[in-house]
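Take a look at the structures listed below.
In what comes next, subunit A is part of two complexes: it sits with subunit B in the first one and with subunit C in the second one.
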Partner chain A sequence: MSRTDHAGPFIGRSMPRIHDPRLLVGHGRFVDDIDDSGALHAVVLRSPVPHGHIVAVDCAAALACGRALLVLGPDDLELLTDELPTAWRIPGQRARTVAVAARTVRYVGQPVGLVVASSRAEAEGLAELVRIDIEPLPAVLGLDAALAEGAPLLYPEDGTNVVGEIHFGDAPQELERVMASAAHVVERELTIQRVCHSPMEPRGLLAEWIPATRRLTVWSSTQSPHVVRQELATALRLRVDQVRVVAPDIGGSFGGKVTTYADEVMVCLAAVSLGRRVKWIEDRTENLTASYQGRGQRARARLALDGSGRFLALSAHITGDLGAFPIQAGTGPFQVTGLALEGPYRFERAGATVTAVHTNTVPTGAYRGYGMQEAAWIRERLIEEAARETGRDPLELRLLNLIQAEELPYTTRTGLGYDSGDYPAALRRAAALAEERARPSGDSVRRGVAVTPSVEITGFAPSALLEMFQIDWSGWESVRVRVSQDGTVTVFAGVIAIGQGIETTLAQIVADRLGVPIDWVAVELGDTDTAPYSDLTSQASRSLTLAGAALMQAADRMRERMFELAAYHLKAPREEVVLEGAEFRWPAGRTSLAWQEVTSRGWKGWGRSEPGRIRLEETADFDPPAITFSYSAHGAAVSVDLETGEIAVEDYWTVNDSGVLVNPLIAEGQIIGGVAQGLGIALTEEVVHDPVTGHSLTTGFTEYILPASADVPPVTVEHRSTPSAVIPGGFKGLGEGGVIPGPATVANAVAAAVPDIAECLTATPLSPARVWDALSATEAGRA
Partner chain B sequence: MKSVPFEYRAPATLEETLALLGKPGANVVPLAGGQSLLPLLALRQVRPATVLDLNRVPGLAGVEITDEVVRIGALTRLRALVESAPLRAALPVLPETAAQVANRQIRHRSTLGGSLCHADPTAQLPAVAVALEARLWLRSARAERSVLAQDFFAGARTTARRRNELLVRVEFPRTPGRHCRFEAVTRRGRAGFPLIGLCLAVSLAGSVVTDARLAASGIADRPRRLWEAERALTGRRLDGDLAEVLDAASAEADPSSDLHGSAEYRSHLLRTVIRRAAARLATEGSAP
Partner chain C sequence: MTRAVSLVVNGRPYTAETEDRTPLCDVLRHRLRLTGTHVGCEQGVCGACTVLVDGEPVRSCLMLAVQADGCRIETVEGLATEGALAPMQQALMAEHGLQCGFCTPGVLMSLAYAERARLTAEETVSEVLAGHLCRCTGYVGIRRAIERHWKTEEAAG
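Up next, the complex of A and B:
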């Protein structure tokens, strides 16, 4: 690859991602690309029923033919594994762990065992011979069934299907008091469907146990290698230093690969038991039906306004479908919905109660947008409906109630401390773009536009906040910079590359700060042997914000050491040394020394200023003082076909402020990708279970409908930049902002296009059938 | 997922192909473009003893146009249908419809014969074959016979093809002066599976319909001719009041409900696509 952009500055420069050429020509190194010669292959045995007691797992036929190397069932798993820990719980939640061994199955697809053979095809054939005898129990599918009087219970010992409950913000009685006296109250029940993460690369791992050294190495498609390492050590009763987890190239995660799954423990157990390498690659059906899912909640929500349109109170009761059991942070997204409900507006009072509920379906958990997309859906639909019901212009109503720039920093009723920015400016700009882009309606096609603002928790930390909420994670990030003998630079970080381009932006930061060509920089991520520790890694829009901040500090220290070394060898005063084109020069002394010569002498220990500081390595740990908040305004122009209910998003635009952008091209890609994901939630994606059998009806991409590239309109991305005051470098995150306002924006644009059905727009996806149902009840639809 | 173990055969002649297909008791599935079969194999929903690859057999692909018929080899790729200039001139509804199937990558492999034999009740091309009274030629080692499209489709993924027979070509009669359109509503935007598809073919005297053919997909377990709607449309103007035509079609349709929409919604869509196809024929004529 030719590179002409040797010289900095690199922070702020749009440049293609370093890994793109390799990935685009098929040279990605995903788990399935790793040499698996000699490896054995596993197939996961899964529950065929949504609820039942396992009576027996009969492996006799599979073992009898002599081709199965190992069959694991509940007995083996109970004997050989411990339960996986959880990190974030909801008050009242009893379960603190996730079992690897299942005696009672609680969803179709729950892993109950493993078959290992010499090939995947062989293992699949043998798996068909294993008989799983299950005594079925009545199943609970959907929130209504779970909460019904006399509902079957997933955990009879609890006496209820409710997992736990928490309240954020103003007390319920205070909210009621304000509601009762308000000039106008809008109330709606708003639902968000269950969705699949649908990464291009499903989960998968290759596990190797070396009996001689008693060490387990796991190449895993994971977003959280250190967490997986600790969880595996716990589940397999190993010491942490016996486990190494390596994340190679990762083909997307979106929150679906943040914890260890029971089936992954089984694969590693098989490797340990057999002393062989064992490989398992999740297939698409498993990914869509048995991998943890996202969203799945319903909110009864109210917005109270005074006679002039000011927001008096926002109140919601959020009920989340947690599925069969609480995973690592299963209720986290529901809790964040309550915590982030207010968004960028001022409310005199606001509060939310969050109730998590068990159902006999796949557990839910983290998914890009993590409660904030849900919060935006509730809030922005209510505001749009309030505008319609009170005859106000929705934009004016929003502008009237937005937190103004001079009010920042601002603490919400639930305690979030917004730091900096100008929320109204972003919304006004999006509204100006809307005016340019509105198109007229036709006879059978109505058109509408909408703009919605949002604010986004990014760089989720600090550790003290996690401690306050008793979430069992650290919040800090760590980065190590090494300048090698030959002058090249390696960055080791605890965050991870999952397709978002963090390798490139970290390289840009270090090249910029050190003043070296960017192609001297390598970024090493994802290997627990070398990567600094990180619990949350690249979740919660943290990668650039927190690792970038740590890297700024480590790189600046390294730069200073390099200048000190150079000054020593040039026999120059430190302050007179300059670095130009990778050469240290002392203009007054007319001497110079190449960067590489300085690094070479540095590693020899020559010229060091402190006796104990020799290696050209600098490590910085960074735990921010507070969360930093990005914000944005999104606009959508939609058409609604009155005859078919089809919605087309014809145009989409965003105005986004994520502070200092290291690479605007990558920022744009992140936002556009998020928008596409938001459109999927808005229009087509939905996990559907058969209400009787509990089986998923969306087992492939013909039924679980992702937006195709032709369905995504051109997306205009405009940036504002308010540098973060709490993050060195001024960065704010943007990993999730693209997905957050989309569904609400699309629905509000549909409401603008066809006001007759606005009241019915209470659930996503707005599929043609659902929209037609709404249309057919109105004049507009009886065309 | 991996398929069950099977024997793979890729003969180079039609004779050998038919001989393998005709072996008594043989559980053989023919492989054409593989766009439906390979996923079904991987999901183990199809569990053959032998997969018989047709792709090396000469003479199974191609478009031939005579005064009477458009003759298309069963192994002709949908891409070739889309791009065939003579076909565009002789029977433009076929390229128009083929272009609506899936996406470019799939059309590059997918074949006309494969689409017809797969017999998905929502698929586009079977509805066109039924509307245009296409004749499907089936050959075994011993004999050749032909079946009209409307008799070929026997149910969801079920056809009149016997196990020892191969669909070798499809003949569409040429009817001078006939105008055709295919109209669909899909589950998602442009590249989605159809919810409803409709092929409308009419002969006109001025703007009055003298002869009509309607067949729809997605309204039953197989593509279905809408005979009563055809009768109701005959003698009417395309841009006139179609209420009786739509009511007749609704009465003939028997759609089912699934996660993508209710039977009621599909019935409504059928009326919509009929109106749209009629309106487009009235204003634009056949597909360009």
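Up next, the complex of A and C:
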């Protein structure tokens, strides 16, 4: 171990990520990169119809040729697996579990079985020989079909395709009363399409069952190794201590890898059944058509204003397309849309009803922005339309109604408790940046800018809050800091790395607090054998916020123990010991001792103050006392081609406050990455199903269009910093803020560019076809 | 049907017995254990699997290994020399041009091609980076890295 010039402080420093070099030289270790010598390969059998009863799965031909090692069908799965648990339900929801064995299929692509062979190509060929005999049932595709009178039912025993319903905030009759007396009410139906997370690395796992130890080890591209471990144990009827889940490098997730899928259980079951290693890597078509999806909702929403433009009431009925069945937290995003509807504004009254609906399509659930992007879309489109209809300046209308800095802390009508910040300051700054960026329109190209503010729920969530709502998760995080004999420092945390740079930011925190060079620090994540327990891990803009808070506490305790040990060995009063350059010194006594010498003696038990506290390890659990809220204002400058309907985002800027930033470079990367995903929702991404066959029409990246480099303009990120009052270290999250206001901001900029079509901007993506249709009906388009 | 395929990968000769239907990426990854090249879509769109074949960028998911018989292949594993990151790799790191890192190897190979072909930074962004999908970074960090690297190279003459 050598001395380095990487001296602290590290918190607040923009530094390159410590783990980048291995990714850059090709030493990433994603699931498919792990040595799979001797592994068998699985291919998933999937439903070809959107709805039907499985009459038989005929494996005879596949087995007869002697090359299939195993074929699993519904009979085997029913016999050998239990259902997967759910965590977050909606009142009225009957299903509390997700079946692994499907007798009735309810979407095209639903896994019904598995073929295992010696190679993937072999297994794919054998899968062609398996005959799945299905008696088709009428299917419902889309919310209208599902809610129509006499619609076919996914679950006839329910008597309806409605899964459940919940109301947040002021009662409907109270909202109606205010609406009736308002000077102006704007009402719209606003839609957000279904989208795919599209991580560049699809799902995949390598499962190994060792008969001698009766232990299952699963290397899985998952965002939630501990949850997957619990779920696999349940589904496979194993004890939790028989299952180890390791999340190696994860090639993006964005909410799509937060729970165990039925096909993943099947792969693990195959490993257990065969006593062999079994591997399955999802292909891109499976990822786009059969992995759980995000968004997919429609809202009928109203905003009421008084004569001076003050917001009297905001009301929405949100209808969410849950797909074939409720997954772990399927309705969660819809519910958050209702909860987060108000955003950074004051409303005298506000409330939302959320209805979740079954359709014969892929189940939906978590996707970066988790209901908050949908809420911003509803709210900010309504506000923009209200400004237009009442002849007010949109910025002035927003500033008039924003919660002022001195009003914080502030409780919304739905009960969210905003903690700290200055929302108007962020919006004013974004508006100032907009002025510098406005560009003139041409004959066939119109230009416009817009700025919109938003708030972001981060550090989700206090365990007591989850208990209150009976959401079956814990909200706390835990970290363990070990200082080894040679002085190196290892951080074990329950959060995991999904590309967001948490290894580096945790290393920065511990190096900063302990006063050691950062290259003495290792961060170990993702292995349930060594990682502290975590339910929500790196979801919900919480990994740095909560693991960082726990680490601040653990590291500070460790620092104090190191000083106590150093004082003992230096025979110095504790308060006179200083640590400089990884050396403890007692200036008055002119003695010193290297950090490594203190750690070495510490592990021998020399100088310990308590017989029951010797190992140089400190663990801290942190359960947040409250949610902490980040906020931002985004601005977009767009051009609209009147001849083609094509929208280009020419410039984009954000003013963001996520409290104390550990690494502004990484923070900026998170925000910009979110912005790009927001632009995808705004302009290009959309899952499309054939309304007759139920098959997805967006099966590859030529149909499901992700933003490319040319679609993402330069993005300016400005930071403000209001430390969180409830999180040690003052951190707030920022994993999702980038995506939240984007689609609304782009649509509002389009509205500014071509006011004639503003009223039509009610659904994303704002594809050229959709915009061209709107333009065709207007003067601007005909000109 | 299988046959022997000879490749020179990053300067080292390899012979692998492979089925005719096996794509080049699978031979590189699973036979030669050079797993730095990633496979993102198997449809030739995302660009993650890009390698250089006789100096030209190729989607290794769309080329059969037998088509590359006798060719010189360059992959991400060949960029760093003696443990030191190549300048383009350093630029990506400095500008936070990667997050999950899955698409990065393919991006790097295309950039290596652009550099040798003496494309300008603008051409590299508009013509070369355009062939890659990245879901994490929003491309801004990658573009900054390209600008930084090209500027440094210009200064160095």
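In this text, the second predicted complex is superposed on the first by the 778 of 783 C-alpha atoms of A that agree within 3 Å, B and C clash if a C-alpha of one lies under 4 Å from a C-alpha of the other, contacts with A are read in each partner's own complex, and residues count from 1 in each chain.
Heads up, the rule we're going with is that contacts are C-beta pairs under 8 Å (C-beta built on N, C-alpha and C of every residue); 3 or more make two chains touch, one makes a residue touch a chain.
Since the model is a prediction, treat every value here as computed from it, not as a measurement.
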| item | value |
| --- | --- |
| Partner chain(s) touched by A:142 [first = subunit B, second = subunit C, both, neither] | neither |
| Partner chain(s) touched by A:24 [first = subunit B, second = subunit C, both, neither] | second |
| First (subunit B), second (subunit C), both or neither touched by A:664 | neither |
| Subunit A residues touched - subunit C or subunit B, whichever exceeds | C |
| Which of subunit B and subunit C A:676 touches, first, second, both or neither | second |
| Which of subunit B and subunit C A:8 touches, first, second, both or neither | neither |
| Which of subunit B and subunit C A:283 touches, first, second, both or neither | both |
| First, second, both or neither for A:723, with subunit B first and subunit C second | neither |
| Contacts of A:125 with subunit B and subunit C, given as first, second, both or neither | first |
| Touched partner set for A:710, first subunit B, second subunit C, both or neither | both |
| Contact residues of subunit A, present in both the subunit B and the subunit C interface | 121, 283, 700, 702, 707-708, 710 |
| Subunit A-facing residues of subunit C, complex | 19, 21-22, 29-30, 33-43, 45-46, 48, 75-77, 79-80, 85, 89, 92-94, 96, 98-105, 108, 125-126, 129-130, 132-143 |
| Touch list for subunit B against partner subunit A, complex | 1-5, 39, 43-44, 103, 185, 187-193, 195, 258-262, 265, 268-269, 272, 275-276 |
| Complex interface listing, subunit A residues touching subunit C | 16-17, 20-21, 23-28, 30, 32-33, 35-36, 121, 198-202, 249-252, 254, 283-284, 498-501, 665-666, 668-669, 672-677, 700-702, 706-710, 712, 714-715 |
| Interfacial residue positions of subunit A with respect to subunit B in the complex | 119-121, 124-125, 283, 285, 643-646, 648, 683-684, 686, 688, 697-698, 700, 702-703, 705, 707-708, 710-711, 767-769, 772-773, 776 |
